[in-house]
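Quick one: this structure, given as structure tokens, is what I'll be asking you about.
By written order: A, B and C. Residues from 1 in each chain.
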Amino acid sequence: MSDALLRLDHVTRRFGGLVAVNDVSFSVDEGEIVGLIGPNGAGKTTVVDLVTGVQRPQGGEIFLDGGRVTALPAHRRSRMGMARTFQVVRPFAHLPVRDNVVVGALYGHGRAPMREARRLADEVLEMVGLAHRAASPAITLTVADRKRLELARALATRPRLLLLDEAMAGLNATEVDEAMEVIRRVHASGVTLVVIEHVMRAIMGLCRRVLVLEAGRLIADGGPETVARDPEVIRAYLGQRWAERQEAGRD
Amino acid sequence: MTALAVPAAVRRLVMPAWYGALVLACVYLALIPTIGTGYWVRTLTFIFMFAVLAAGWNLIGGFAGYAAFGQVGWFGMGAYSVAVAMSKWHWPFYPALALGTALPAAAALAVGLPVLRLRGHYFAIATLGIAITLRELVNNFDLTGAGSGLSTPLGPSFSYYYYLMFGAMLLAVAVTWMLRRSRLGYALLAIRENESAAATLGVNTTLAKAAAFAISAALAGLVGAIYAYWTAFIDPSTVFDLTFNVRMIVMVILGGTGTILGPVIGAFLLEGISQTLWSSFPAEHLIFFGIAVVLIVLFVPAGLSGLLLELRTLSPRLFVRNLLRYRV
Amino acid sequence: MTTVQQIINALLLGGLLALVALGFSLVWGIMNVINLAHGTFIMLGAYTAYWMFSLWGVDPFLSIPVAMLLLFVLGAILQVSVINFIVRAPVLATLLVTFGLEILITNIALKLWTADVRSVQTHYAGRGIALGSLSIPYNKLGALVLALIITALLWLFLERTKLGRAIRATAYDQVGARAVGINIGRMYALTFGIGAALAGAAGALISTTSAITPMMGSSYTIRAFAICVLGGLGSVTGALVGGLLFGFIEVFGVVWIGPGYSDAIVFLVLVLVLIMRPQGILGRAFSAGVQEAGGA
């Protein structure tokens, strides 16, 4: 078969009785930007964890470039070209911002030598707009800057496949525009992207294809317009919104 | 606190003076055996030894953030390697020294792979267990003289050991300095700060931790090996002295965790005080030492490098703030 | 020696080891403090019994309340003056401070009482119940029974009294406990005091069966840790089960591997258990159940 860059084959992950990811299969071709959306708790982060090796599935298989990576440790997958950002950021808090990024450049897919890694780190920091904070310890960054640092670190690994887990949450409208511009440039440089976002404008603006998760199941896979008209997707989202409205009405 | 955010201008001004002072200090120390008394030669040899132990702990505890609590096990292993090789197998000293360095490193690599999967208290106590287990093994084997100890052949002069330990200390500092700038150094700091993030960036965390553990064991084994030849007699209770574990850690804390010279500075301070106390209160010095450990952790938890960073605001209030930081 | 005799020995030792670990487990479970000075409290309890016996002829079993009271006071003072300042500090700080205390206390004891090995020679020492070829020494049997009684009393205290619940609540939820008016610092002082008192009781019991020296403590600290890991951290049943398991491991370890390796055996088991089952074999944390109790 023609190999997709990433393929999930009936992947399942449970936490006790809860099935966070339920028999999910999809594939992502080289060069795509795929959106992954779904209500809170749908299992999006868990999918990213399973793909990047932070967690292991209880069932199913994951393939990168046709090779099975289901049981490989996270660092091996990174070396094969996967990178991600964490929704709940995990900076190296007491290291300078630049050193945070140098770690990604030294290891990851690129494994640059030291001098090259420093240069790459500066380049990436420039690109995400963090160059002016390069010498500050990461712990001193604002929430928005920490999101940028997540992205910078992931980019410094020179990934082939980059999974962004709500990298724009907490950014204002202008910052979202800037971030979208950065993501477009990353894509143009040949990186395949999976973008998780609650900001619909970003998904609609970036992705030709959108996957929808609800309660661990993949309920839709298609172009943004088709997906937006899908009755099941509407129910998943409206159901949530209605519930929210009812919560709000009670207060 | 931990990050050294010293302004570049200050650095440019202070650094040449600082390096000059270091070179002078080294020259002075190198002259001690010709100009100093036997007391100072002995005291400084001890200080160098602890500086190496502290620098070794700093690699695993300060860089990688794994609170190893049994480094004295590697020290004892190095000491016994030399004693056995020289007295039972009649090896010359240098091959024995190489054995005393390599064996602990290999052992640390082997036990490190499983034990470094543990964290926090569990890792600390498991490493303490390694030291206690090694002591007990030595206590039970005829090869190691069981509980009654082993003698090593009488060696050259005391200044010979002085220079050996001095060289070991310079080596430990050089290793730390190179590591800090190396690929592995970055990996260790990343592991200390957030291990899972390090792994997703491609760091083989298991391997990096085991490497740091092995290097720290090699340093401890190295000075253990020199110590065995120096004192000419070792037994399990002196070379597996569990208070050594605490000593080296407190030195690192005192000098500055995760820094390059911190462990050495801490060793000079603490062991200097300790040796002075020992010579004037041989029976009570450990009582003072216990008190010192408690006070240092309570009042200067970030060590001297922490104090330097807050130099501008340095006042008695800083110590009170340190004390109250974690109070319930 | 027959296997039945060894099983009896293991049970006798295991009950006592459960008490050795109990206070350590309480302190760890409630405050997340590994108290490396725990063994010195055992040592002080043993010396209390020794001096009461040799100065005034008081039977060691009758010294238990005195040892407990003295160590409760010492523990509470240490908590208020030292440990309360580092309870929430990183792991290393608590390890270093408690080890500093262990060095301090051990060396004060050495200064006061020298390194001489001492023992309590009661008139019933060496005598016991004989059942055919089997024998159960009186002192070991008494130690076992008292260890079990004290363990049961602690369990009742923690489960059935308001104060016990308040202590458990501080482990479960500090903020919540403070919100309902519990003084955390005082609760910790109480907890550490009780932990020390339990160690004191264990020490007094140990004085009837083993040699007493200022350095006797550290190997008990290590055992307490291993027992907690084996039985599951921070529960009375965990300490009990861990202690009994440990009794068997030590007795049969010596039979199969040889004497002189007991600490090595302790650690081998400890590391294996840690790596395979980090949560221990069983046991409910001291803090568990408070939530339901509080919510009801």
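Here, contacts are C-beta pairs under 8 Å (C-beta built on N, C-alpha and C of every residue); 3 or more make two chains touch, one makes a residue touch a chain.
Computed from a prediction, not measured in an experiment: that's the story for all the values here.
Student: Viewed as a graph of touching chains, is the assembly arranged as a line, ring, star, complete set, or other?
Tutor: line
Student: Farthest chain from subunit B, comparing Cα centres?
Tutor: Result for max centroid distance from subunit B is chain A.
Student: Just the number, please: Cα centre separation of subunit A and subunit C in whole Å.
Tutor: 50
Student: Just curious, how far off is subunit B from subunit A if you go by their C-alpha centres, in Å?
Tutor: The separation of the two C-alpha centroids amounts to 42 Å.
Student: Any idea how many Å lie between the Cα centroids of subunit B and subunit C?
Tutor: 32
Student: Please output the residues of subunit A touching subunit B within their complex, sorted ascending.
Tutor: These residues of subunit A touch subunit B: 52-54, 73-75, 78-79, 83-84, 86, 90-96, 99, 102-104, 106-109, 111, 114, 135-137, 139, 153-154, 157.
Student: Where on subunit C does subunit B make contact in their complex?
Tutor: Touching subunit B: residues 34, 82, 84-89, 91-93, 95-97, 99-108, 111, 174, 184-185, 188, 218, 222, 225, 229, 258, 260-261, 263-264, 266-268, 270-271, 274-275, 278 of subunit C.
Student: Provide the residue numbers of subunit B that touch subunit C in the complex, in ascending order.
Tutor: Answer in residue numbers: 61, 67, 69, 114-115, 117-118, 120-122, 124-126, 128-130, 132-133, 135-137, 139-140, 242-243, 246, 249-250, 253, 283-284, 286-287, 289-294, 297-298, 301, 323-328.
Student: What does subunit B use to touch subunit A in their complex?
Tutor: Residues 1-3, 5, 181-183, 186-187, 189-190, 193-194, 196-205 of subunit B touch subunit A in their complex.
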